[in-house]
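Right, one structure below, let's go through it.
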Amino acid sequence: MDLLYFAWVRERIGMGQEQVEPPAEVRSVADLIGWLATRSPGHAEAMRAPERLRAAIDQKFVPLDAPLGAAREVALFPPVTGG
Amino acid sequence: MDLLYFAWVRERIGMGQEQVEPPAEVRSVADLIGWLATRSPGHAEAMRAPERLRAAIDQKFVPLDAPLGAAREVALFPPVTGG
Amino acid sequence: MIRVSIDSAPIEVAIELAALEERGAGGLATFTGVVRGDDGVTALELEHYPGMTEQALIALAETACARWSLLAVTMVHRVGVMVPGDRIVFVGTAAQHRREALDACGFLIDRLKTDAPFWKREQLGDAARWVDARARDVDAATRWEAGQ
Amino acid sequence: MIRVSIDSAPIEVAIELAALEERGAGGLATFTGVVRGDDGVTALELEHYPGMTEQALIALAETACARWSLLAVTMVHRVGVMVPGDRIVFVGTAAQHRREALDACGFLIDRLKTDAPFWKREQLGDAARWVDARARDVDAATRWEAGQ
């Protein structure tokens, strides 16, 4: 699974993307966030407040309780601030 | 009193402006329209349907029942169609 | 800053926009009206009431500035003879916040249609006709009275 | 005609407008967002999600085309580093009737703020901060759901 990070999520983790193979019990985006928090202090810092995170699966916005299903690309980022 | 005519009012009357001295009993714009209708066949044609006319006194829109008062400039024209 | 212009020269939108941008606003909204060639219209002639027209546009701009927090309002209306594709009117607003710029722009073009003394005559080949006022323009102008 | 662009080059409003005008519309509405220098902001950096951003803007433009009768929609967003006074976003709509152009333009900029993956980082001299999303942007985007 390809993970993409943007804005302060990217900065805290210290990279913009990585490939991961989460275990089978990681079924939702929220599960993924919890699992990622254990990977490094930077990940922990970035994932510390899930309510401040937003997500996209295969380039579509999804709620955090969305199932990962057959997701190929999952992105995590703060609420958008364009325009 | 200076009268100004615009659009098809001007075309029917055959001129864009004229000076008139209406008699004392011409008190409102509507009175003026009725009085003007008697001045020439072109005036009569232009003033034939007062409900299709709009007016301004001293460059402010007014309803047809507005008193002429001390008007110096009265304009008669069809509903506006700018923009 | 209020800029009102009634001119027979073509409307230069890029110049108008640049002047609005110089006000340091966060948002600019514009509306540009263009002469359409519908129904065989070959030319459009715009007549206006010199003196009153400028006053009417300035009054509208002042009303908008009282109602919304605006840094600048520009209203430019072309008069004389135009052909399809020519710009006939440009309204631009500058504000710190987009909603104010957008609402004021909509207000100004809606009210310009009913509150400023312009008259359109369409040329269709050899024939010409004065354009009739439209009830929906009155409705569009009226909606702003309810404080929408 | 839908045109979507995400580019680090400056936004050329005159060129965008000319392309919209070529569609033969009677009315063009635009919104231009400009980087403000409030609160000591010296630069603004825009990050986005390549691929998803373009899809999100095209989806918004298609939604607008389904809701209003439009001849053209243009959405241009700048990314990378900008300074106060630079244009950050341009939305333009072309329609036969002004109300459709104006409403669609307001819809597109409101929804762009919440539906497209862009993130702003403000530079204040040596310090930098990610801009927080604003509740009023969510409210502004939500108003279009009621069919306003």
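Observations on the structure shown:
Lettered A, B, C and D in written order, each chain numbered from 1.
Basically, a contact is a pair of C-beta atoms (placed from the backbone, for glycine too) under 8 Å apart; a residue touches a chain by one contact, two chains touch by 3 or more.
Because the structure is predicted, anything quoted here is derived from the model rather than measured.
Least step count on the touch graph, subunit A to subunit C: 2. With centres set at the average Cα position, the gap from subunit A to subunit D is 26 Å. The distance from the centre of subunit C to the centre of subunit D, with each centre set as the mean of the Cα atoms, comes to 23 Å.
As a whole-number value, the distance joining the C-alpha centres of subunit A and subunit B reads 73 Å. Residues of subunit A found to touch two or more other chains are 83. Subunit D has residues 33, 98, 109 in contact with two or more other chains.
Every pair of chains that touch is listed here: A-D, B-C, C-D. Here subunit B touches subunit C in the complex through residues 4, 6-8, 56, 59-61, 75, 77-83, going by the rule given at the top.
Residues of subunit D touching subunit C in their complex: 13-14, 17, 21, 24-34, 36-37, 84-85, 87, 96, 98-99, 101-102, 105-106, 109-110, 140.
Residues 33, 46-49, 51-52, 55, 77, 88-89, 109, 112-121, 130-134, 137 of subunit C are the ones that touch subunit B when the two sit in their complex.
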